[in-house]
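The two complexes that follow have chain A in common; it is paired with chain B in the first and with chain C in the second.
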Partner chain A sequence: MSFLSKVLALVEKDFRAEFRTKEMLSVMLIFALLVVVIFGFAFNPTSQVTRKIFPGILWVAFFFAGVLGLNHSFTRERYNQALHGLMIAPVDRSALYFSKVLSNMAFMLIVELVATPVFLVFFDYSPAGRLPGLVSVVLLATFGFVAVGTFLAALAANTRTSQILLPILLFPVVVPVVIAAVQLTAATLAGSSTASFAAWLRVLVVYDIIFLVVPFLLFDYLLEV
Partner chain B sequence: MIVLRGLRKRLGARDVLAGIDLEVPRGQFVTIFGPNGAGKTTLLRILSGLMRPSGGDVYLGGARLEDDSVALRAMVGVVSHHTYLYDDLTALENLVFYGKMYGVKDAPERARRLLEEVGLSVFAHDPVRTFSRGMQQKLAIARAVIHEPEVLLADEPYTGLDRRAGEVLTGLLRRFKERGVTILMVNHDFDQGVALADRVIILAGGRVALDELVTSESLRLIRERYEELVGGKYAGVDQKQ
Partner chain C sequence: MRERGSWRLALGWLVALALVVSLYLVFVYAPTERTMGDIQRMFYWHVATAWNAFLAFFVVFVMSLLYLFTGSRRWDIVAVSSAEIGVMFTTLVLITGPLWARPVWGIWWTWDARLTTTLILWFIYVAYLVLRAAVEGREQQARFAAVFGIIGFVDVPIVYMSIHWWRGQHPEAVITTSGISLSPEMLVALIFSVLTFTALYAYLLLQRIAAERLADEVGKLKERARNA
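The block that comes next holds the complex of A and B.
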């Protein structure tokens, strides 16, 4: 069985377990929607200031909801020491990392897909830019966040305080993604030209590549910590 | 089948394994006894690829474990007191999933046959979280042998099983032994441990304190050494350190 088919079997297992219980998705969705409501009450949705910080509000909701999902992604592997069951199987351990990145990314995208229209409606925001631009930004930023988040979630999963430790480890590392995501979202929603945000796009792409390669090299050792 | 040369494992300031030399031929059933902290579980964790040794070499089927650990892991099945099962998946889904991880051809068919063999075919579509401890352990055994391993490592497999479930487990281990599977089992119960064993090893203080083939003549000596070592000065060594 090839590397790819093992990754897909692992993703299928995560999907099967998640869609049976909906533990992770429901918590992430409820959290993201709560953020919409709270920010809606905290700020005047129609004011110019709120419109300026709208992309930031959007990504705060996505990233915090994402942390909840990342925290849960390795919890399931800890019941009955299932992670050990995978570690003794003839599977390259990076397959486990890639499968978790794919499933975490899929769950985050589902949350973003549901929450974004709610955000736009709640804040009465009509994007001036084109949808493909926004979709590209969401995909790149979500990938960067999930790639590093999955790696750190695996590290934190071996500790007693994993729920607290993950955000403390993750947010300082993920700052470039947060800034780039907010800047790019603001630019695409405003319909700005590509040239104006090319630098942030490069930051995001380079970040994504680095945090795809580094965990690939280190994940084997990380699991044995 | 299994060769250990000067195997050492240091955890913190303690040598959990302090130089183990061992050769286990193909098809032999070896029971490992020892007081708490003797290094039994650590030994099985190294053999299964869960832990790297601090020194020495492990050979499985003639190949060095460290050189090709992914391929060699396919030769080994592990039964532990942890089941390694996913609670939210059904019994069949768990076996099919692990079958795919081990590259088993026609994993669903093999999973169904194993469920029948361990007496769980009626519960094939029930989530594992609804299973009793005994049922989970039977399923864990099916999981461990889904890929027909040449070596089976069993770490206290009787833990938490009632007498009836224990008898079922003994029956399963006997069948694997008859099929020529090399079995290393860690056990605390003397009678249960020697029932199927061809050979008994007692570990104490990270070293082999006794290594005897089980015969009607040697059984008395093994029992005496077991009483002396497992109930004697090495007992509870992990709590003392």
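The block that comes next holds the complex of A and C.
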């Protein structure tokens, strides 16, 4: 079996486990919608100011929902010693990391895909930009968040306070993604692609690469027994 | 062990003396800054603590790498000691900064790159300490902390650059330059303060390492008593 097919087999395992119950996806999705409803109450959803901060609201909802998913991705492997089973599987440890990144990414994208139209309706927001720009921004930002998030989730899963620890480990580290995602989304939704657009895109790409390579190098140290 | 302890004691007294001298330089020797007035005297210890906070976190990063390569508890002890002192220094920076900013800039806080990065740095290393407390088993604790120590440090330049560009889009920030032209007396006070605080950092680090070693020792003795 090649490395890629091993990774894909592991991703398939995650998908099968998830779609049997859909418990994580449904919680993530409902939570993301709830965040937006709460924002709707906290700020007047029809005012001009709220429309300005709409990209920020969108990403807060995605990132918070994402943390829920990341938390679950490794803690659920603790039942029935599933993580130990994965560790003695004849695959490289990095295959485990990449597969978790891919499945977490897929789950987050599903949530984003379903939730975004609802947000647009709730806030009566008509986007002006072109779709490919928005899609690339969402992909790059979600990937950066998930790449480092998956790694820290694996780290947090082996601690006493796993579920509450992950957000405080993750959010300080992921600050560049938060800034870049909101800036880029604001620019694409408004339909203005300025010079800074390329610069922010570069920040995301650099972040994505660094936080794919560094966890890949360090992942072995997380799963030693 | 006793021999080393007395050296630490001597260093401690030396640092105490240097701090007194530094106070003299800051409050008496250095002239009053023309536009900011006396509040500018905050600058000397502010810079000294900031520099040592960054130094402390750099030490955490290096020790984390050394730990992962060698697996020796020795490096982990230095890493945790340095992280604690770094968080303390960063806290001081975050307190003295706004105290200085308020009278001079008219605001307690501005989201400029240096300030905000320092705040994020504080969050990262507080998380580092919380993580340590949440992991069971010495060996695993050290390994996880080392991994997070590396991730956190690698992140800092990206955080700085992204906040820098983020603020760059809001030109209403007037306070980009803290460009104080230093007189020679001021420079002397600054350099002396920075050196003094670096010595203070070294002293605290040695003390903290010694305390951690003693804790290990006590753990071993307890273990032996239980098995006897």
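Everything that follows uses one rule, which is that the second predicted complex is superposed on the first by the 222 of 225 C-alpha atoms of A that agree within 3 Å, B and C clash if a C-alpha of one lies under 4 Å from a C-alpha of the other, contacts with A are read in each partner's own complex, and residues count from 1 in each chain.
The definition used in the following text is that contacts are C-beta pairs under 8 Å (C-beta built on N, C-alpha and C of every residue); 3 or more make two chains touch, one makes a residue touch a chain.
What you see is a predicted model, and the numbers here were worked out from it, not measured in a lab.
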{"item": "Partner with the higher number of touched chain A residues, chain C or chain B", "value": "C"}
{"item": "Contacts of A:Val173 with chain B and chain C, given as first, second, both or neither", "value": "second"}
{"item": "Touching partner for A:Thr161 - first (chain B), second (chain C), both, neither", "value": "second"}
{"item": "Which superposed partner A:Tyr79 touches (first chain B, second chain C, both, neither)", "value": "first"}
{"item": "Chain B and chain C footprints on chain A, overlapping residues", "value": "224"}
{"item": "Sites on chain A touched by chain B in the complex", "value": "1, 5-6, 9-10, 12-13, 16-17, 20-21, 76, 79-82, 84-92, 224"}
{"item": "Footprint of chain A on chain B - complex, ascending", "value": "48-52, 70-74, 76, 78, 80, 82-89, 93, 97-98, 100-103, 127, 136, 143"}
{"item": "Contacting residues of chain A [partner chain C, same complex]", "value": "148, 151-152, 155-156, 158-161, 165, 168-169, 171-173, 175-176, 179-180, 183, 196, 199-200, 203, 206-207, 210-211, 214-215, 218, 221-222, 224"}
{"item": "Chain C residues touching chain A - in the complex, by the definition given at the top", "value": "68, 120, 123-124, 126-127, 130-131, 134-136, 140, 143-144, 146-148, 150-152, 154-155, 158-159, 161-163, 165-166, 169"}
